[in-house]
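Order of writing sets the chain letters: A, B, C and D. Residues in each chain are counted from 1.
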Amino acid sequence: MSETTAPPRNVDVARLVEHHRQMHRIRAFEEAAIQASHDKLVLGAIHPSIGQEAIATGVCLNLRRDDYLLSTHRGHGHTLAKGADAGAMMCELLGRAGGTSQGKGGSMHIADVGVSMLGANGVVAANINIAAGAAHAIKLRREDRIAVSIFGDGAINRGPFLEGLNWTKVFDLPALFVCEDNGFASTTRTDAMTGGPGPAARAESLGIPATTVDGNDVAAVDEAARALVGEVRSGGGPRFLVCRTYRLTGHTASDPAAYRPDGEVEEAWGNDPIARCAAYLAELGVSTDDLESHRTAAQEEMAGVYEAARNAPWPDTALAYADVQDIADPREEAFRW
Amino acid sequence: MVVMTYAEAGKSALASEMHRDPMVWAVGEDLGRGGVFGQYKGLVEEFGPERISDAPISEAAIMGAAVGAAMAGTRPVVEMRFADFALCAVDELINQAAKARYMLGGQLRVPMVIREPMGIWRSSAAQHSQSLESWYTHIPGLVVAVPSTPADNWGLLRAAIRSDDPVVYFEHKNIWGLEGEVDTDAEPLPFGVARTVREGTDLTIVAWSATVHVAEKASEALANDGISVEVIDLRTLWPWDKEAVFASVRKTGRLIVAHESVAVGGFGGEVAATVSEHLFGTLKAPVKRLGAPRIPISYAPPLEDEVRVTEDRIATAARALLA
Amino acid sequence: MVVMTYAEAGKSALASEMHRDPMVWAVGEDLGRGGVFGQYKGLVEEFGPERISDAPISEAAIMGAAVGAAMAGTRPVVEMRFADFALCAVDELINQAAKARYMLGGQLRVPMVIREPMGIWRSSAAQHSQSLESWYTHIPGLVVAVPSTPADNWGLLRAAIRSDDPVVYFEHKNIWGLEGEVDTDAEPLPFGVARTVREGTDLTIVAWSATVHVAEKASEALANDGISVEVIDLRTLWPWDKEAVFASVRKTGRLIVAHESVAVGGFGGEVAATVSEHLFGTLKAPVKRLGAPRIPISYAPPLEDEVRVTEDRIATAARALLA
Amino acid sequence: MSETTAPPRNVDVARLVEHHRQMHRIRAFEEAAIQASHDKLVLGAIHPSIGQEAIATGVCLNLRRDDYLLSTHRGHGHTLAKGADAGAMMCELLGRAGGTSQGKGGSMHIADVGVSMLGANGVVAANINIAAGAAHAIKLRREDRIAVSIFGDGAINRGPFLEGLNWTKVFDLPALFVCEDNGFASTTRTDAMTGGPGPAARAESLGIPATTVDGNDVAAVDEAARALVGEVRSGGGPRFLVCRTYRLTGHTASDPAAYRPDGEVEEAWGNDPIARCAAYLAELGVSTDDLESHRTAAQEEMAGVYEAARNAPWPDTALAYADVQDIADPREEAFRW
């Protein structure tokens, strides 16, 4: 189990700038989504990824458009980083026409098959077996894409974690597992509910090499992900990446997170992945104006996206009966008088 | 008589049983912080973390460990958080909990309560909105409870905790805040005894859980048209109070069974089939079932509304039945 | 026309679809050795271990991986070995496979077949004998098939594999060896089209899976008493052929629905409720449901027999209905 | 992960003799059960434990009557070693009156609550969570018993393995897990379907100390089990024991096990735990007559047990409706005319 923490020596500034832009887009999207939730325009639960943006961009910048991605309830950032349209995503969160899934899935099922993002999931750890299966299909089809599953540290206590990882090892499949270790499973500290050393040790006990990185250091995530994606794509079998991070917001947009002692969150803000990336870029000579412009551009984009979504029409109610299955018309069954 | 919410009633029912019997304990994710819907608030302070226990995200272990803990002499109350997540622990509930007493020829029993918050609750989408109560009525060995009021949640949860057999206990997410009077001196409610919510002579509406309140509203609207509706809340689906339903339908001659769950394969079919068989000849009109269309539950509010058994839909069906 | 067993029909249906479409593959425990009931014998030699794949004892992964593999463009056929073990993979089937197409607004589909050997089979006891087909009829997004003959297993399994939606496919363990004629040139069977097993005028019996044969025997016995019975095999429970059943009951005026699964909450309730509503006034007698008592299935043969819907029990019910 | 293989130095001959007797009883019981199966007096599947007897006796001789035991489909030996009555067990296998569960459960659900054996299980790995829960109850009740779960090497690929082991670690419960590693999961070699080093590594990744022994060396199993049971009983938390062994019969009484190459089984017979124990006892001076008498006594006992069972009456059919649940009478629902 290797540890990567120090920023990599051979830095590609343009690439780091790209991360910085993208992380700001994710943050601004989440802030707009939280606003929409407070405005009661998003009724269902949303799970912001503020503080974890470096994992989304660090991993996804190393993926091709046709690489499959399966995510969790906290999937906005992953989906954006995979290349989904922010406007369509926001419409989905507001349940409007033009949503990525026509408003039928919402935040917890956000997906954009056009960029091979096969869905967030409302069931913790359920995406692990699905990703294993996508990787299985890749192997059967002799393709050179890979399948990626991103999940949290709470997910490692569910059976599918063992079954899905073992599956990819036994069938030698092109799968990358990414564990976002933010220390919490909703209101509970995961260390209190997790036996043994944690995710990496569990993956290795199943024969899957694991790497652990500072998930708030986008350069470190990028470097580790690049290496692992390369190994997986070249037929090396499954790999596991643990990213240590912290959730800077509540579990949901409506969670005050009172279960965290005073100061803990403030201190964690000192480790904000975006600020760290900015400081590093400044060191490398990128101007503060440029860096600031990434933030303002992202905020303007997402403000517009939110504005557009709130003005978008509701989906046609006929859609409620569409895409259930090819046979039988559900209208026949219900509310006949 | 105390006024409390449906959630508070569940909480004090659990607390009173925990005071009464030291072998009663509850386990589930985030119970230490009061549970997702606050239905355990303050209990860990009162009973400590051993008896109000957090759990890893391990539904199969929560359910399976409860089976073992029940076999070994305790009375666990397991919290599934959402009825949908109980689908991660179906082997433990159906193949183990429900059958163990029988398969072992009565050598032991499995006294446990499985709390499953059910139903549609503001844009929770297809994996957080399901009502699957009918599944469990089909499984020998299980009791199925579906309380609709604070008083019933108080009375039925206590009965469930005292039951020596596993009870699948559905609380509806949309009525956690519903207030009502509770007689805290009352005995636990017996299983299989329905509640006549409202008396009437023209038509009987059988419902359970949150749909009882929809049926009640519909019957008020119908009363304005001079249609007299009797509303019956089954309270438990297994056992269910056939006699009460038969008696009412003998009087009214007409029956609507309304539930939030999908109509196809729903428990409304069991009620309709049983009444149609037993009261053949007595019925003045065919038994009408009202349930959700066979579609997953959408996230967008207008699409989500398409599956709802509303006051209007019940009233429309009632008028059609009486036309 | 070729004579083959129910098991052989399933095997050649799978083989013919695998020849037709290279994206079709099967996965489950011990398939490399032909499967527990020999229903995969020889296939690994023909198609290799990648397309007839063994699996770890990981039902959740078998089902969940099939969901992902279906989303990613293949057509997996998953073998659950016993319908009872599919209870270890219910989240994957109900929350994932059945809903994904809908939740994603039609962006993708989940073409997979879940083979679940069902039913009572010589002293297999409570965890290896269940018939839970009614559960899946209640879940939007799922097709439910229950073939009763070699010809139907041939025709329906091929249709299931070609379906772009998940199909829960129940093969009955007790009729693996049943022989029958199969037209291997025939097209796959459409879902939702019942088969009239035998024509009659006094009474209709609706059944599916192995119970069709019990109903057929009972109707022969009844014929000797001059009772003319029409037997209808639904073949698929979702969709189910209402029109065929209505047409038959309009003719006979009497209906028995018989199934091996537990009567309470069984699909017989859906059929009985639907017919009772739609043919109210046409029915000469109440619709009679025959299913297992609400008890787990015992191991000891005489106790196991207590739950069976036998030829005698069907005949007795029929005579009572006509008395 | 410690390895124990050589026979222990400080041998208690009487104890080893007890093992030898008990192993013969288990073997003779299984042989009688197989005969009953061939005689078509046992209709359901039975899973003989011939070749694995040393694990049953080695573990159970270290348990108290009130220690809970949960077993698998291959549970006859464990149940006998825990102290259940062979006659009642055989009646259960034949589905007769007088069976441990009145004939309602049969082989795969064999249980004797009187000796705290809470049941075999027809669902692989299901007994793991149940045992974890029994251990949880022990802790809540402040008792000093322990709960033991015995399962096979195929069970480690099911989710409950991870969830149940993690549960006992997190709650620090008095649980002992015993994995019978016989190399097969019905007709499939488990190594082909198992990622990573195997059961011990998986247990340790969950924070549970694991010991691996030669499961055909009864003295080694006994010694390891004694140590682990002591640690668990004295509040040390969960422990894991891997016993390497081999299944000398087919998976079931009707499985010819053609999937095993010629010679493999013959060779494995050379490692027969009973023969090894006998040889060792002979070395220690126990006479061949005494050793032979254990075998004949066991065979006579089980022949009698089988004879009695086949002559036992069927259970009263009214029992089919008993012990379903306290409320409601199932007779009301079915077959009313």
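In the analysis below, contacts are C-beta pairs under 8 Å (C-beta built on N, C-alpha and C of every residue); 3 or more make two chains touch, one makes a residue touch a chain.
Remember, predicted model here, so these are calculated numbers, not experimental data.
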As a test of understanding: of all chains, whose mean C-alpha position lies farthest from that of chain D?
A
Centre-of-Cα separation between chain D and chain A, whole angstrom:
45
Where the CA atoms of chain B average out and where those of chain C average out, how many Å apart are those spots?
30
In whole angstrom, how far does the Cα centroid of chain C sit from the Cα centroid of chain D?
36
Residue list for chain B, restricted to those that touch at least two other chains:
56, 58, 60, 84-85, 88, 91, 95, 102-103, 125-127, 140-141, 238, 264, 294-296, 298
What are the residue numbers in chain A that touch two or more other chains?
99, 102-105, 109, 121-123, 157-160, 163, 166, 170, 192-194, 319, 324, 328, 330
Sort the chain contact graph into one of these: line, ring, star, complete or other.
complete
Would you pull the chain D residues touching chain C in the complex into a rising list?
42-45, 92, 95-96, 99, 102-109, 121-125, 154-155, 157-159, 185-188, 192-194, 259, 314-315, 317, 319-321, 324, 328, 330-331, 333-335, 337
Of chain B, residues touching chain D in the complex
23, 25, 50-51, 53, 56, 58, 60-61, 63-74, 76, 91-92, 95-96, 100-108, 140-143, 163-165, 191-192, 238-239
Contacting residues of chain D [partner chain A, same complex]:
157-163, 165-166, 168-170, 192-197, 201-202, 204-208
Parts of chain A lying in touch with chain C, wherever the complex brings them together:
68, 70, 99-105, 109, 111-114, 118-119, 121-123, 126, 128-138, 140-141, 147, 159-160, 163-164, 166-167, 170-171, 319, 322-328, 330
What residues of chain B sit close enough to touch chain C in their complex?
84-85, 87-88, 90-91, 94-95, 98-99, 102-103, 125-127, 132, 134-135, 137-141, 238, 261-262, 264-270, 272-274, 276-278, 280, 283, 285-289, 294-296, 298
